[in-house]
Each structure stands twice: as structure tokens, then as C-alpha cells.
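So, here come the structures, one by one.
Shared between the two complexes below is chain A, which pairs with chain B and chain C, respectively.
Entry: the complex of A and B
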């Protein structure tokens, strides 16, 4: 049973093959396609027929010369910051509140309440929220008018100045439950519970316990939540496509939507590949700390 | 870590009340609007349910989405079954063959797990178009498989970790092969894990929009793409839009409500909680 010799190692490799080969085949296809996109971004493919002539940085130069690219990058940055920071802070608050003050039955209720949107698609939430935001007959403005707060009514996603923020709000609404769930789970370690108990015996205030005991000890959980949200915010496509299609003008456009339009409506496939690589590069940066953390956890 | 005090209680109840409004209102609006007449929608009585409940809206919406509903069911069920099977095999490798190369595979998987679909969209569409697979359900099935097998593998690996090794060792003593051990023991013990993974993959595939939109053909339109079409072509008919939206979420929401435990475990396994 002690695999030391070459023969024994070969036997184990043969055993492993049936389990790992299908997975490797899928990974090979996936990374092959990634390399293909990478190459296409340096090709001269413009139009419906493929053209793999090497064109160097031609389409990247074209990309950075476009106003739209910088508008998109700015919007993606708004998504990354405003889609993630408020969600994490709110989730921490709710998770902590549930931990210290849960009244019987409330925890299960609240969990279901904030988590159900996680099972819905962005197309569905986008459809619902389009109706909520609809400026002259929609739900929110009608409600505000009904209670006499006409001053607070707004054009929501039709107002170029604020449209992106209203879209981000949908995202926060949809992802809050997921963040609460993961943070609450990371509160649940035995050591952490003991630390909180002893801090309470020492007479530490609730806020002190949160900031001095809990938050520093759930860095792993926070890293996971922040990474998941950042990636989701970076990839955002559906909400924008369904609710505003990047409009008004391209006020709410994001890289993912531009990638789709450049490739499949303008048929600038090399440009689309370049945009895809920009999105991939950003995603890659985001998941490095997460991957390192996960690797340590798995192979400690 | 329970604490007491009236202010805390007030804070909790206040938070619950606010969140209840924010999270129930959109669904309430979806349901009531889906049962109204077009006239009632223009009358701005949005919160009150309509006077005469229009269940006919659902019949109309269902007629519109029925083929898409069927397409989505075929695609999602097939992808889920295959992903869970292949992910089970891959996950077992990750959990039990802890070699240096396993770390490399793990990193490749972790990146694949969060890969923005855009990064592979252009080649994928090209392959599906030249092989004509895009004209059948296999186009989307194959595409979703490539993207979901890594997720299923990682999830299943986390579930296999909690299967005690002693079970396997004693079977090994009895001369069972790895495959026999995997199918007859480990997979049976990890059945709840399979359920979690299946629900997560199913919901992800059912809700996917970008690939479904890009690879769309009249024969393979999925429910999400159809809902988006309806939103675009029946602009003022919010009642019809909401009825279609409701039909679209019924399946994943049912899973969530009745098998929520597995859904939650799957999310936590995916988040690699400690």
C-alpha cells in the first residue's frame, strides 16, 4: 500500500487517469479558446469572415483611441466600487445583527428574504426593476407621488447622469443575500465564538467586538465575498443589456456590452477580442489573491 | 453570541421591517401587475391588485414562452446531469490524488471558475457555427458543459473531502477497485453534495443570458432570451412582461424554496468557507 517504486506510481497514475482526463479535456478546450481569443485580438479580423492576418497592436490602438472605451472603463470602475463596497458593509451589518440579536424564527425568515434574488436571473430582475424605475407610470415614482414626495421622483435609468447608479442598485439588491450568507458562515467558527464570549465578559461594547474581534478574524470570509462580488460586478452584462442597452447614449455602457456590440453588431471581431482580453485581464487581477487564499486552504 | 437589550431588539426589528419592504415590493409588484388589464396599468393604481384578476395574461404569456421553456428545460437538465457526473469524477481526483500537479490543475480550475464568458465567446461561437452544432440544442449544451464542469468539479471536491477515508480504505482491503469505490461508496455517501452541485449548476444554466443570446437560433431560444424579446416587443404591456417573468422564475425559485438547504450548502462550498 506504500507507493514508492516507479511501478506503484504508474499504477496510481493509471487509477487517477479515468477521474482526471475528462476534466483535463474540458480545461484544454477552455484554455485553447482563451488563447484563440488572445491571438484574435492581435489579428486583423473585421467583417463576418475570419481573418487571422497578424496586425500587431492595431486594434488595441484603435480601442484606446475610442471615447466609448474610456466611458466604459469608468462605468466598470463605478460598478466595482459601488457594487461591492456598500454590499459588503451592509452584509456585515446584517450578518452581525443576526448573530447577536436574532429573535427566534427571524433568522430563517431574513435569510430567505434576502437570498431569494440569488436564484433569479438578471433578465428577470432587470424586467421587474425596469417597471419599478419607469419614470412616468412606474412603481417608485407613483409611490413617491402618492405620499406627496414629488420632489424625490426621478428619471432613474433614463437620466444619463445617474442611470448607472440605479443599475448598480439592482445588483446590490440581488447580491446582498449571498454576501450575508457567506459572512455569517465565517462568523461561525468555534474559536471566533469563544473570542467573542470572552470579549463580552471583559465588557467590550458591541461595536468594539465587531471591529476589534470579528472583522479582523474573518478576513478570509471577507476576501471571498469581496472577490465574488468584484468578479460579478466586472462581468455585468445582462442588467445593462436588459434595462438600458447602454443608454441613454452610452451613459451606462460597460466593457462587456461594448464587447458584444463590437463583435456581433459592428463585426469588429479583433476589437471585440481585445475588449474580451481587457475584461479577462481585470478578472485575472481580481482573482489572484482569492486563488492564493483558496490554494492555501486546500493544500494546507 | 447572543446579546440582549431593548435598543438592540428595536434595531433588529427595524432592519427586518425595512428589508422586508425592499425585498417583497418587487415580487409583489410582479405578481399584482401580471394579473392586471392594460387599462389598470395606465391608471397608476400600482399597489392595489387589479379589480378583475386577469389569469388570461398567464395563458397568453405561456403560449409565447412555451417553446423556449421546453428548450431551456432540455438544455439545463442535460447540462446539469453531465456536469454533475463529470464534475464528480474530476472532484474525486482533486480530493484524493494530492500530487504537486493537482495544485496546478486547481489553479487552472479556479481561474476557469471565474472566467468572464467574453474571454471564450468568439471562438465558442465560431466552433458552434462551423460545426453547425449551434442549430441544435447541442451547441448550448456543449458550451455550458465546458463552462460548468470546472465549477462542478470544485464543488464536488469540497463535498468528497468530508467523506471519511476509512470507508474507502476498508473497501480497498476487500479488493475493490478505485472506480467501484467511487461509484458504490464515495458517490453514495456524497449524494447530498451531488444535489447541491446539481441545483447550483441548473440555476446557473437556466439563468444564463450572454451565451444563449449570442448562440440564439429560432429552434434553440432559451427562456431568458425569450423574456428579453417579450420585454422588447410588448413595451407597454407590463402585465404580459410580468407574467412571463413570473413563469421564468418559477422553476429556480421552486428549487430555492423547497431545496434551499442544498442551494445554501452549494454556495458555501463554492465560496470555500472554512
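Entry: the complex of A and C
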């Protein structure tokens, strides 16, 4: 054997280890825990002491028998649809406005302003918004009353019928900046810029350029934004925890919050694990289109 | 430094870290196996304690506790592991992890009742029969309090206080001005609410905050207690009442609905302290809240007996105090059992209970302490009442007769009812909870009277 070759190979192995070991640790922690949670959801762990006796679908049956579970699932779907669709549409328009320099001079400031909420934690923005929503003294109702629009005042998050929508509005506000940033970046590819230029030479209107040239050609960017937003909306916990704690009653409850309460308040650990698996399954469904697209691009 | 010079050290560091981690793991495992075997050696004078008293007012009460410990046993080194976050939510997350991993702290804060039972069921606590005999604690505390910490015939924790749930606080100056008597029955409450509404149309006479959900169950409890009496109350939470056909439960919901027009409308957004704040700010005139509200009112500059008054609500058919205790026990496999037993003796002593309870807001667990130790007339009167009527105590929502899994879900339904008054749906929902969470089985341990 060539000694220098061996030394080189060893050095390369060491180098590889530097990168592979952290990855392995990461995968082990993530998927190890996932497997553990998966098993626990089929165990009979009820109470403070671990109980890994296999119980089959017992706790899944229990779960689907709970009214709260279905309320949560409905709310999670509301979050997925209403938290994502309006954000993407709004972000497209704002990104385009910024890109074509419609608002000359203040563009850079505007971009910072739009992005700023994304830099804050949900705990902070949730608290701020819950102050604004406060029905007696909050800024929203106070302003409405000041301009004589008393009919438009509402209970916001204290009204069980509409509370979830007001929570979703916070999410849209907070993630808009991030969506704008990603979409604006995807407008910037060289080929796309050339296509826009030639379309302009042909005399296409700006709106037509957006719909006929830009949007069809930034599918990748849109898919990234949609996937990111879907996952963020799916795992929503903090906004609900801070602003309504799932209330009134459990009208704004979501799966992630119920998972927390079931596991640590009710000590129904198997139920909590089952709820976590439902969230995981939903995330999986959301991720599939993105993965398929990414793989297609890979093999192209 | 050139790139080439840094490359090798990086990989060496990684290898070093991996080796160090392995060594540490093996050493840790070895230390873990030695833990039980090291009994021959004298036990370290150390005490690891978990508690959730971190908020303003409560932190001072925790300091008072530990001062009492230091005074009695200056050699015990205290390792505190307070987990911030009121009500013990985050505390339970961390504690649960430690317990499941078989690494218990020596002692931790738990409420007497269902929460305690969950730890006993898990096999995490050591029975304290000999300690109770040694310090004659059963004679020093009310019987219902002893029952709340006794499971399967053994006391498992030492209570240091009692919080009372069913208290109605009122704006004393306003009541005097309007010539109103503090209400002690539902009819009186409704009459007072109507009178206040007539005199102050902008007010919501009854303050309420249901963000944490249990507040709604408090109000419902008071209504149930008046309609059904103490035996009914206990039977209900022991799962021995058929709620679906029960006229009392339905009547209590109807009464809650009757109070709706006089209750603060946006209660879903408020926590318990914010609901007491409604009384201070003049938005409301009354609120039903536990003894811990006294501390809140005082922190807002309101003096008991001057700015606000308090009465037990209801007082018919009987004046029952719904209560729960804060307690400490001895962990099974505690690293420092001797120091922990010393600590528990301090917990049981007036030396700890007087400064701690006066600061934190509950009543003394011991009934041989002079009620005059309390600075406020409200607790003096309550402690006196407990002293002469120790049998009139029943576990409250936080102490919980029913298993905690049920109680959590029950609070949600009660809070939902205050937001959307659907009597039939709520009766059906609550009835389902009793079977879903197997309340009869889970609450069988509770004995009252």
C-alpha cells in the first residue's frame, strides 16, 4: 500500500468526519425523537410515569372522539389557507411594486419597513397586537370610535366566531416581509430580466408583464415561499398561546397548543404524541409537492 | 493564519470533543450507578428544590421560605431550580422531564389534590407517615386538608398554606355610596348587579377574565355550591352525578346566563389579575377570585377593608370554603433525603408558614397559628372561621377532586360557555367529559367530609 495515499485518505476521512458527524448527530436527534414520539403515540402513557405498553390505536381513537380535536383541525386548515394565500398574493404585488421602482426614492426604506416585523418574535408581536385588539381601550376600536365608525368596532379575539381570523391577520402581517424578500430575489435572475426587457420593448403593460412573464417564470420562488409559509402556519403555537391561549373556550385552539396542553397539563402523553404525529403528517403532505419539484429540477 | 495551519487543529478539536464526550458519558453513567450505592458515606447537606414562585410577590414569599430554612439549618446548601412562568405550566414541563428521566430533585412544589395524586400514581413520592407522626402534623391542620394530601391512607406531602377560591371582592367605597350590602347568595348578587348597573350604566358590575379558563369554572363553582350544597359539589366532581339529566347543573348554567348582561363582556382576553384590575379601574364593582387576589389589590394601592372588601360567596346553604394547598414532598430516590426531611419539618412549622403565607396570600395550613398574624382583616376573619369550622373545607378547581385531565378540559368548556351560552350543548359536553376522562375511577381517592 502507498503510505502517502493512506495518509491522504485518512486526512480526507477526518475532513469528512468534521462534516458528517454533526449531520449524523442532527439526524439522530431529529429522527430518533420522531421515532420515539411515533411509538409513544401507540403506547399507553397516561399520567406522570412513562408507560410504553403497546396500546394500538387506543389514543388515536380517543383523539378523534374529542370535539376539541376537530375544532383544532378546522382551525389549522384555516391557518393554512388564510395564512398563506393572502400573504403570497400581497407579497407578489408589493415585490413587483418595489422592483419596478413605482415608489421612487423610498423603496429601500419601504423594504426595511415591510421586512421589519419578520425580525420580531411572535411573543412580542402577539403581545403588541393583543393590546391593539383590546376591545375597550385598544387602539383599533378607539380609532374607529374617534372617527364615528362605532358600527365597525368588534370584540376581535374575544369573539369566538371571528377570533381565529384576527389571529391569522397577525401572521400575515408578520410574514409578509419575508415573502416579499424571497419573491423579489427570484425576480432578479438574468434571463428573467431580459425577458422583461423584451416584453417592455414589445409594449406590454406592467400588469401584463407581471402575470404573463414574471409569475409563470418564478414558480420556484413561489413554491419556496408557499412551502415556508405553509410550514410556519402549520406549526403555529406562539401567537395563539400569547394572544388567546386557545380561547374563548377552545375556539382558537390549534393542534400544537393542544399537544402542549395534553402532554404537560393533562398528562396524557400518548395523546400528545398522537397530536404531534398528526402535525407531522400534515407537514409531510405539505412538503411533498416541494420535494417533487426540487427532485424534478435536480434531474433535469 | 493560513488555511493549511487551521485545518488540522479543527479535526483534532472535533476528535477531542468526541473523546471528551465519551469519557464524560461513561463517567456520568458510572456516577449514576454509584448514586444509590454511596449510602455508607455521610449525606451531603444539600437540598435541590423545584418551585414556581418567581413572579413579583411570590418571589418574596419563596425568599421567606428559604430564610426560615436557613435559620433552622444554616448548614443546608440550597439549590433552587425555579422555572419562571406563573401557575407552574413551564415548571411542570421541566419537572416532568426530570422525573421521567429518573433524576428527581429532592423536593418540588405541587398542589394538593389531583396534581399530587398524579405524582403518587407515578411512584415519584415517598409516603410521610412517620414524619406526620413525629411532628403530629395531622393534629395541627384541618381534617379536609389532611385528606387532600392523603392518598391510599398515606400522607405524601406537607402543605404550607391554603388558598381559598370562592371569594367575592367588591369596591367598598362604591358599595357604601350606593348603600349596598356585599352579596352572599345568587339573588343578592343579581340585585346588587342590577343596582350598580342602574346607578353606573357604563359599568359591568361583575368583572371576569377567562383567558386562563379556570376563572369561568370558579364562578360556576360558586353557583353550583349554592344550588346543590357541599355534598352535591363533592359528588359532582367525583363523577357520581348524571349531568345529562341533572337539574342542578343546568340551573347553575342558567344562572350564569342570567349574570351575563351584568358581566364584563370581553372577558376572554383577560387573565385573572386583569379581571381584578377591572374593579380597581372602576370598570367593574365585583369579582369572584381566590385569596391570591388580596395581594394583587394591595399591589395596586388598594387597602383591604378600606378600598375593597371580601366575602365568601356563597354562604347559603352553608358557608363552605373551596381550597387548595401548596405543598412539598420527598422524592423517591432523592439524592439528599435527610436534608429533605429537615426541610419538610421547616415547611410544617409556624416559623416558615407565618412569613411565607402572610407574603404570598393564602391562609396558614396550621390552625394553631394566631390569625392576628395576618395584616388584613379579610384573612384574619377567614383563618378564624377555619379555626372554629375546620370541616367546612372542600378541594377547589386547582386542588381538583377530579383527575387533572378532566379538570383542564372542563375549564375549557366552562370558559366556552361564558363566551357562547349554549346550555344544552354545554350539559352534553360536560357529561361527556366525565366518561371520557373516567372521573369516577380517578376521583375515588377523595374523601369528604
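In this section, the second predicted complex is superposed on the first by the 271 of 300 C-alpha atoms of A that agree within 3 Å, B and C clash if a C-alpha of one lies under 4 Å from a C-alpha of the other, contacts with A are read in each partner's own complex, and residues count from 1 in each chain.
One rule holds in what follows: a contact is a pair of C-beta atoms (placed from the backbone, for glycine too) under 8 Å apart; a residue touches a chain by one contact, two chains touch by 3 or more.
The structure presented is a predicted model; accordingly, all values stated were derived computationally and were not measured.
Once the two structures are superposed, chain B and chain C can be ranked by residues of chain A touched, with B on top. By the touch criterion defined above, A:50 reaches both chain B and chain C.
Once the two complexes are laid over each other on the shared chain, residue contacts for A:246 go to chain C alone; chain B is not touched. In the superposition on chain A, A:130 makes contact with both chain B and chain C.
With both structures placed on the common chain, the touch criterion links A:264 to chain B and to chain C.
After overlaying the two complexes on the shared chain, residue contacts for A:155 are found with chain C alone; chain B is out of touch.
Judged by the touch definition given at the top, the superposed model places A:81 against neither chain B nor chain C. In the overlay built on the shared chain, the residue A:66 is in contact with chain C alone; chain B does not reach it.
In the overlay built on the shared chain, the residue A:256 is in contact with chain B alone; chain C does not reach it.
After overlaying the two complexes on the shared chain, residue contacts for A:15 are found with chain B and with chain C alike.
Residues 15, 18, 50, 130, 134, 264 of chain A contact both chain B in one complex and chain C in the other.
Only residues 7, 10-11, 14-15, 18, 89, 92-93, 96, 99-100, 118-119, 121-124, 210-213, 265-269, 283, 404-405, 408-409, 412-413, 415-420, 429, 436 of chain C touch chain A when the two sit together in their complex. Contact residues on chain A toward chain B in their complex (touch as defined above): 1, 12, 15-16, 18-20, 22-24, 26-27, 29-34, 36-37, 40, 50, 93-94, 97, 99-103, 106, 109-110, 112-132, 134, 137, 139, 142-143, 173, 178, 181-182, 185-186, 189, 193, 196-197, 200, 206, 220-221, 224-225, 227-228, 231, 234-235, 237-238, 241-242, 256, 259-260, 263-264, 269, 272-273, 275-277, 279-280, 283-284, 286-287, 290-291, 294-295, 297-299.
Chain B makes touch with chain A in their complex at residues 1-3, 8-9, 11-13, 15-16, 19-20, 22-27, 29-30, 33, 41-42, 44, 46-47, 86, 89-90, 92-93, 97-98, 103, 105-112, 114-124, 126-127, 145-147, 149-150, 153, 172, 178-179, 182, 203, 206-210, 213-214, 224, 227-228, 231, 238, 241-242, 244-245, 248-249, 252-253, 255-257, 260, 263-264, 267-268, 271-274. Against chain C, in their complex, chain A makes its touches with residues 14-15, 17-18, 21, 46-50, 62, 65-68, 130, 133-136, 155, 157-160, 163, 244-251, 261, 264-268.
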